[in-house]
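Below are two complexes that have subunit A in common, paired first with subunit B and then with subunit C.
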Partner chain A sequence: MRLETFSDGNSVLHALDPRVKLFVYLPFVILTALTGELLVTAAALVTGLLLAGTARPYGKLLLKRLAVVNFFMAFLWLTLPFSVEGETVLNLSFLKMTREGLLLSLLITLKANTIALFTIALPGTSTVIALSHAMLHLRIPEKVVTLFYFFYRYIGVTGDEYEKMGQMLKARGFRALTGVHTVRVYAYFIGMLFVRSYERSERVYNALVMRGFEGRFPMLLHFSLQPRDMVFATVMSAVAISILLL
Partner chain B sequence: MNCIVTQNLCFSYPGKIEVFRNLDLSVACGEKAGVIGSNGSGKSTLFLLLAGLLAPSAGDIALWGKNMRTMDDFKAMRTKIGFLFQDPEDQLFCPTVEEDIAFALLNREVSRKEAQEKVERISDVLEIGHLAKRIPFHLSWGQKKLVALAGVLVMETELMILDEPTDGLDRKAGERIIDHLKSFDCTVLVSSHDPGFLDGICDSRYSLKNKRLDEC
Partner chain C sequence: MHISEGVLPLTTLSAGYALSAAGTAIGLKHIREDRIVRTAMMSSTFFVASFIHVPIGPANVHLVLNGLVGLLTGRSCFVAIGIALVMQALLLQFGGITTLGVNTLNMALPALFCFLIFSPGISRGKIPLFPAGLLCGALSSLLSALLLSLSLTTAGEAFLPAAKLVLLANLPLMVVDGLITGFVLLFIGKVKPEMLKP
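What follows is the complex of A and B.
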């Protein structure tokens, strides 16, 4: 599925126990999100880059994902340097670019990229069902895990319906033009997308119920902690502490 | 003993689109019954009602002699029912084929070792062993259908409700399914547009037409 783009691979990170990945991922993401220090964020970014490099998650695709993140960051760079008060570094008559604004933009950009890299390198290299199973092991409430899994599953369902309907429109000769017909077709498209996705999600749920689903995510190939998992957890804990001490 | 009994079963979808009226059906334990009918005649709806996934507008459903009055009654019976949905994509759920086939077994607390053995056995029967590590969503329609079917057959339930199991499958795959279903003592209620498949498996046949179900 499209949300599991990076989960298929043979790297060291792919082979790690998903519980360990989550155990390492959560503190790093929280640390990155909460810190106000540029140096700490930069160190976390370097760690994220090294991890993503280790995971070898399809270079081009990784850059594409980061491009999406940085597309939103571009809007930030257009406004923040001019709206935060501080030492002026560039004066464009009615607009003043400040040093503090630039630093804040840089900090947020680094944080966003770091979290994206960690997400791709750690949970991204496991399947969603494996992560759901791991979350239950880490005592995350069943309802939260079920919500997480169903969100993922139904986003997939909606995506599939969107693709199928798009293909159907093309096959029947639809071309988007400027006119009432195009607007009406798009309105039908959106309406039908919701109706079909809803009905399909009902069928998916019924199929789960008939196979005894009760909010657990059992797996045939169960996790077992290997020495490499322990080594990874220890090394990453040491890295996290070192970054904190910076 | 009868495995399924329905009396005066009526069902309408919202908007008062009546699917069937006063439908009576009786399937004995161990019987292999086929339901035929044109598209939209209500075969899938009947199956959903029998599994308690839809609530009837009126009438009674009894499974193994017990009247199914509430959804909790059905819930208790579902461990004895294997249900194949018409569209395999609705059923496939797990990241690999073998995990998907094992899903129901693991939900029912079968040990992983036993589940693995059963998965391998059913995969051999349906000749899909080579797909074990594949992602179910990337398979062809026929392969998806076989994986979904394997996920139901592996449960070895007392009642199998199969909604068009041979849709999109070649003749040989259909024959393998017939051989397997005949090899163990379960009740089967199956719908199909494939007369050869129904001839091969069914002891009795019902036709759903004009909102009524008649033995034929």
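What follows is the complex of A and C.
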């Protein structure tokens, strides 16, 4: 199971300090999520596109991720143009499509896509381990970060288990169909996945205690701000302020 | 289903964050040092299990299983669900960072509720496992779908039809999640019954 799909690469963004990336990422996301102006959203979208272009992610995968984002948007496009009051652009006897409704759907779609681009270009270009270290440096409680670290570590293991068991089902001729049989097979599959994780968590914990684990990991990754990090933070702050002033 | 970025107003987003932060803080207090690994692993299994798609006619639904996670992680379910959602938001672009609080609340509150109602009976063997799981799974998905629709309506009256549509789209999931949770409990009850004791 590969999750950090965008984290290996050799662009400028990959090389930046993850703390700086988080520091730039959050204000941009909040700014975009809360704005009601199409112009501000468009400016943020251009910034997001430029950043994503700089990160040079794999095009096909990027489109696949954006498709996921836009799935939820379908619900809005199906309802908002008809439910927002305003100037009618299309009259289908019982349904009236309004200009304002269309604009609102467009605004929300652009906002969601912009934020997805920012997410892929900024935190997405760091490894999860680097990000969790960055979280510690940014004073997120240690217990949360330790939990997150274990969570991430064992997604890989559980994911392998999941794939292995999936192959086992296939080898026995299982095909997913609508019906109780499929549901029961999947339920036992999930049950086994949880039972194995539970037993593994006990083994891992015992092994950790034997090695003197006290509920936290020492920090191994120390970050130091480079000139390029300062330049990036300054440029992005300037961009954020000019977008705000639009 | 998670609410994506850019839809909800600031008040809903901050209320979601505030309530989820409270839930997470309580959850963290309940995780003793020897339970850190277990909670995290239950959370990663929850994350992986959500990749399973169950066919319903021509379409399929992906499992949520928040009721099951509630039963398995108890009072720390806000933490277990929260970290899985952080991962989905950062790496897979499901949901989002600004909506993280709301989405966590929508999934974890029903999970906690179901834990409080069903766990005492289940751990003492007072209620048969299959019906308990069926109810727990169906109820937690129904409550999650209701909370999701409710949070959508806070964005304005114009979002009411979208909220209804989302609720409707979640109904098949209720049935599937209920059945799955029922059978999973039967399985765990046979194979590893101590998992159901808090």
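Following the convention adopted for this analysis, the second predicted complex is superposed on the first by the 188 of 246 C-alpha atoms of A that agree within 3 Å, B and C clash if a C-alpha of one lies under 4 Å from a C-alpha of the other, contacts with A are read in each partner's own complex, and residues count from 1 in each chain.
In this section, a contact is a pair of C-beta atoms (placed from the backbone, for glycine too) under 8 Å apart; a residue touches a chain by one contact, two chains touch by 3 or more.
Because the structure is predicted, anything quoted here is derived from the model rather than measured.
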- subunit B or subunit C: which reaches more residues on subunit A? C
- Given the touch rule stated above, what does A:193 touch, subunit B (first), subunit C (second), both, or neither? second
- Looking at the overlay, does A:220 come into contact with subunit B only (first), subunit C only (second), both, or neither? first
- Message: Going by the contact rule set out at the top, does A:129 touch subunit B (first), subunit C (second), both, or neither?
- Response: first
- Message: Once chain A of both complexes is superposed, is A:4 in touch with subunit B (first), subunit C (second), both, or neither?
- Response: both
- Message: Looking at A:208 after the superposition, I want to know if it touches subunit B, subunit C, both of them or none. Which is it: first, second, both, neither?
- Response: both
- Partner chain(s) touched by A:151 [first = subunit B, second = subunit C, both, neither]: second
- Query: Regarding the shared-chain residue A:176, is it in contact with subunit B (first), subunit C (second), both, or neither?
  - Reply: second
- Kindly list the residues of subunit A that each of subunit B and subunit C touches, one partner per complex. 1, 4, 128, 200, 204, 208-209, 214
- Message: With touch defined as at the start, can you tell me which subunit A residues reach subunit B in the complex?
- Response: 1, 4, 7-8, 127-130, 153, 160, 200, 203-204, 206-214, 216, 218-222
- Parts of subunit A lying in touch with subunit C, wherever the complex brings them together: 1, 3-5, 26, 29-30, 32-34, 65-66, 68-69, 72-73, 75-76, 78-80, 82-85, 101, 104, 107-108, 110-112, 114-116, 119-120, 123-124, 128, 131, 141, 143-144, 146-152, 154-155, 157-159, 162, 176-178, 180, 182-184, 186-195, 197-202, 204-205, 208-209, 214-215
- Message: Could you list, by residue number, the parts of subunit B that touch subunit A in their complex?
- Response: 48, 51, 53, 78-79, 81-83, 85, 87, 89-91, 93-95, 98-99, 102-104, 106-108, 112, 115-116, 119, 135, 137, 151-152, 155
- Message: Going by the contact rule set out above, which residues of subunit C touch subunit A in the complex?
- Response: 1-7, 9-10, 13, 24, 28, 31, 33-34, 36-45, 47-49, 51-57, 60, 63, 65, 68, 72, 79, 83-84, 86-87, 89-94, 96-99, 157-162, 165-166, 169, 176, 179-184, 186-188, 191-192, 195
